[in-house]
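Presented sequentially are two complexes of chain A, the first with chain B as partner and the second with chain C.
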Partner chain A sequence: MSDKTASDKTANSKPAPGDTAPDPDAPVTGMDYFMQLEYHELLCPVVRRYAEKLRAGKLIGHRCPKCGLVYAPPRGYCPIDVVETTDADEVELANRGVVTNFTIVTPVQYYGQTKTEPFAKVSIQLDEPGGTLTLQDVLDCPVDDVRVGMRVEAVWAPPEERDTSQIGNRSWGSAEGCIKGWRPTGEPDLPADQFLQAAF
Partner chain B sequence: MARTPAPDIAIIGYAQSPSWRAAELTEPQFLFPVISEAIERAGIERREIDFTCAGSCDYLSGQTFAFVMNLEAVGAWPPISESHVEMDGAWALYEAWVRLQHGDVDTALVFGSGKSSPGVPAEIYPLQMDPYTITPLGADPVSIAALQARAMLDAGKITEREMAEIAARSRANAIGNPYAQVTGDFDVDELLAEPYHTAPLRKHDLPPISDGACAVVIATAAKAKEVCERPVWIRGIDHRIEVHQPGMRNLTESPSTRLAGQQAGVGDAPVDVAELCATFSHQEKILRAELGLGGDVEINPSGGALAANPVMAVGLARIAEAARQIAEHGKRRAVAHATSGQALQQNLVCVLEGD
Partner chain C sequence: MGDALPTTTHIIEFPYTRTLGPVYSTFLTGLRDGRILGIRNRDGSILCPPTEWDPWTGDALDTSPAAFTEVGPGGTVETWAWVERPTRKHPFDHPFAFALIKLDGASTSLLHVVDAGAIDRMSTGMRVTARWKDDRIGHITDLAFVPEAS
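Presenting the complex of A and B:
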C-alpha cells in the first residue's frame, strides 16, 4: 500500500495529504489514513461472451423476446418485462449509430486526474437491430461540435491491440479497449427532436 | 413497558438462492429467480406488490449505487414505490412491516443480497469501526469475535468443546438444506484437534464467505388470508442497538438482543424453534441466553449462519427459514434473529406464529 502511494505521488506533482510536516506544538485536529480496497469479480457468462466477441471485432446484444428492446451489452434479462434472456436472444449489433445524448466533462485537477482538456462522453443508439451504448468517446471531432443527432461509426482497435481486461460486469455500455471511439460519418444529422425521449 | 398491538402482518412467500463461495452471476442476475420465486410462492402477481424494500451494501459490491442495479431484478418499470437500507434484508423487512402499518397498501416485497467474494472482508469491515481508534488497527470481524469468545471463555460462560459442538450440529443440520455451503457430519474431537485460526477460534467457529440472496413477501391480514393457505404471522418484531465502541460493551452479554426479544414477545408463549444469526459459534450461546431459549427449543434447523453466510441476506434468511418451519414443517411458534455490526452490536428479533 505504501509503495503504491509513493509512486502515485511521483506521478502527480500535487501535494497529497500528509506531505507536509506537522507542527509538533499544534493541537491534533485530524489524521491521515491511507487506504485502498481491491475487488476482483468473476465475469458473468453473458459478459464473458460479450468480451470474447469484442476481441473478434463484433458487438453483440440480447433482444428481449417480449418487448423487442435490444440490450448492449447483454444483461441476461430484460428489466422492463422481467424475463430472462439467453444466447438464443443474441443479436449482432451495427457498427454505426447516432448520438442521442452527451456530456462535456471539464476535468478538475483533483488527485489522480490525468485528463487536462474538456472531453465528451456520448450515448449512441445503434442502427438496426438497435441497442444503445453509453459513455463512449468521440474521435476526430472537436468537443464543441458534438451534438445530438450526429451520425457516427465505430473505430476498432487493430485485433492485436484489443484488450478486454477493463470490461467488467458493471461496465454495461462499454467497449473500452476494443473500440477506440466513434467518429462522425459525415452523413446529414438526424433530427435531434426524435431523441428527446431516448432513455440515455 | 406495554406493547402497542400492531395490525397483523404475515409472511406469504419466501425464496433463497444457494450460497456460493464465489458466484459468477452478478447480484441482479442471481436475485432475479429468487424474487420471481418468492412472488410466485406468495400466490400473487408482480404488479400486486405495493412497496419494495431492499438491503445490500455497496462496500461489499465495490461500487457506489450498486443497489440501484439490483432493482433490475424487481421489475421497476412503470415506476414502483421502493426503498433501500444499507443493512441486512431483515431490516428491509422491518421497514416494510412499518410501511404496511399505515393501512393504505397491503403487500410488500423485501429482499437482501450480497457478494462477499469480490472484496477482502478483513479489509472492508474495519472501515465500519471508529475511524480514529479502531479502523487503523485493522480490527476485522474475526479478530473482534475472537476477543468476544476469549471473554466468554475467561468468564466461564462457554468452553471450546461447546463451541465445536455448536459448529458440528450446525453443519449436520445443514445437510438437508439445499442453500447451505458448509455441510456434513463432523466429529467434535476431530474439530478440536484442528489448529486455531484466530485464537481461541478455530475455522469451524467462523462462518463461510458467501454470495447469495433471499426474498420475502409480506401482506396485511386481509390480503394474506385471501391469497395464502398458510400465512405465517409476524406476532412481534423489534430491533435494538448498542454503542459502537466494542471496548465499552460487555461482549459476553447482548442487552440489545434481550430488549428486542422482550419487545417482540419471545417469552409470551413457548417457542418451538429458533433461527439465530450467530455468525460465530460462541454467539449462539449468548443469543440463547438473552432470548431465554431453553434446551427444548430446536436451534437453527437450517444450519444457520455457520453453514451459509451471504452477508446482507443471512439475517433475512433466518426469518425465511423460521417461516419455513411453520409453513412447511408444522411448527407453531418460531423466533428469528438477525444481527448487524461487530460482535452482536445491533440485533433484530422477530416472533412468527402459524394459525
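Presenting the complex of A and C:
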C-alpha cells in the first residue's frame, strides 16, 4: 500500500478505470466522492524488531515456550496458551518451505486494482524450525502450476530496495517489501495429504 | 526506509460516485461552464447554493432550467475562518480561508474558500470574486475566490 491515494488526484480529475472520457457538453450528473480513513500506527517492539531483521535479510519468529509452535512473524504472545513470548523465544526461520494452501485470485478491475492477470497467494510452511507465512506471492511459476506440496525458496529484494514501511501491527505474514516472493526449488513435491489439515 | 519506523501509515479509501439530482446537476454543470447558478425560491429570493426545497417551509421548488439564474461572480464575505496549516485534503497547500460568501444577486451565502495569501487580507464584509480553473470538470473545486482588486 502506498501513501498516495486515488483522491490525491483531487476528486474526479481523472476518470476511474472503465470510465469513458466524459462528454465536455453533457450535463454533470455524478460526483466522485472519496471517503478516506488514514491511520497512523505506532509499531509495537516485536513488530519493529521483525522489520529490522527483515531489512537485514533475516526472517524471524517466536517459539511458544509452552506448546513449541513457531509464529511467523512473531506476535509477542501465543494465542493458544495465552503466554507472552519475548526476544528469548526468537528463532531465525528457514528461507525454504512448502506450499500448504493457495488461492488463485482473478482480479476484478475495481478502482485502485493494479493487477490484471490471475495471481496466486500461498501459505508456506517453512522448514525447521518451522512457522507458516500466509498470503505470499509465487514467482517464476504459472498460476496453474501452483499446488500443495510444492517446494519453494525465498527471493529477497536487494538490501537497498527493502522496504518495511507498510508493515503494521496486524499484518501477519507480511514480508512483501523485503521478500519479492517464493520460487519453486525444483525438488520433488512433498505429499499433499500431510498438509491438508495444516493451519499453522 | 528505516526512517518510516516506528510508525506506519495505512489509508483505507472508498471511491463513491454520488448521483447529483436535478439541482446539484444543474449547479455543477454551471460551474463546469464557468457560471455560478442560484435557484429562485418561492418567496422570490435567490438561493445559492441552490436547493430542491424552500429552506424555510420545506416546499418543493421548481427545479426546471428556467428556475435558475446566474449570480456572482463577485460577492461579500459574511464570516470566515483562517486555515493556517492545510491538510492534504484541503484545496490548497498554503494557508487560506474558508468563508461564507453572499454572491451578488443571491439571498443566501455559499461556503467556499478564499485564496487571500495572508490572514491580514481577510475581513468580514470584504469583496471577493471568483477565480476559475482552466480545466473544469463540474466540481465545487472548479473555482476559488480571491480578494477583489481594489
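One rule holds for everything that comes next: the second predicted complex is superposed on the first by the 166 of 200 C-alpha atoms of A that agree within 3 Å, B and C clash if a C-alpha of one lies under 4 Å from a C-alpha of the other, contacts with A are read in each partner's own complex, and residues count from 1 in each chain.
By our rule, a residue touches a chain if its C-beta (ideal position, glycine included) is under 8 Å from a C-beta of that chain, and two chains touch if they have at least 3 such contacts.
What you see is a predicted model; the values in this text were computed from it and never measured.
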- Message: Applying the document's definition of touching, compare chain B and chain C: which contacts more of chain A?
- Response: C
- A:Tyr111 contacts which: chain B (first), chain C (second), both, neither? second
- Report for A:His40: first if it touches chain B alone, second if chain C alone, otherwise both or neither. both
- Once the shared chain is lined up, is A:Gln166 touching chain B (first), chain C (second), both, or neither of them? second
- Considering only touches as defined above, state whether A:Pro129 meets chain B (first), chain C (second), both or neither. neither
- Query: Should A:Gly149 be classified as contacting the first partner (chain B), the second (chain C), both, or neither?
  - Reply: neither
- In the superposed arrangement, which partner chain does A:Gly57 touch: chain B (first), chain C (second), both, or neither? neither
- Message: Is A:Pro79 touching anything from chain B or chain C once the two structures are fitted on A? First, second, both or neither.
- Response: first
- Message: I'd like to check the shared interface: which positions of chain A are touched by both chain B and chain C across the two complexes?
- Response: 31, 33, 35, 37-43
- Task: Within their complex, state which residues of chain A touch chain B.
- Result: 31, 33, 35, 37-45, 75-77, 79-82, 84, 169-170
- Item | Of chain A, residues touching chain C in the complex | 1, 3, 5-8, 10-13, 16, 22, 27-43, 48, 51-52, 55, 111-112, 162-168, 177
- Message: Residue numbers of chain C touching chain A in their complex, please.
- Response: 1-2, 4-20, 24-26, 28-29, 32, 88-89, 135, 137-139, 141
- Residues of chain B touching chain A in the complex: 22-26, 28-29, 32-33, 36, 46, 59, 62-63, 66, 69, 71-77, 115, 117-120, 123-124, 127, 131-132, 135-136
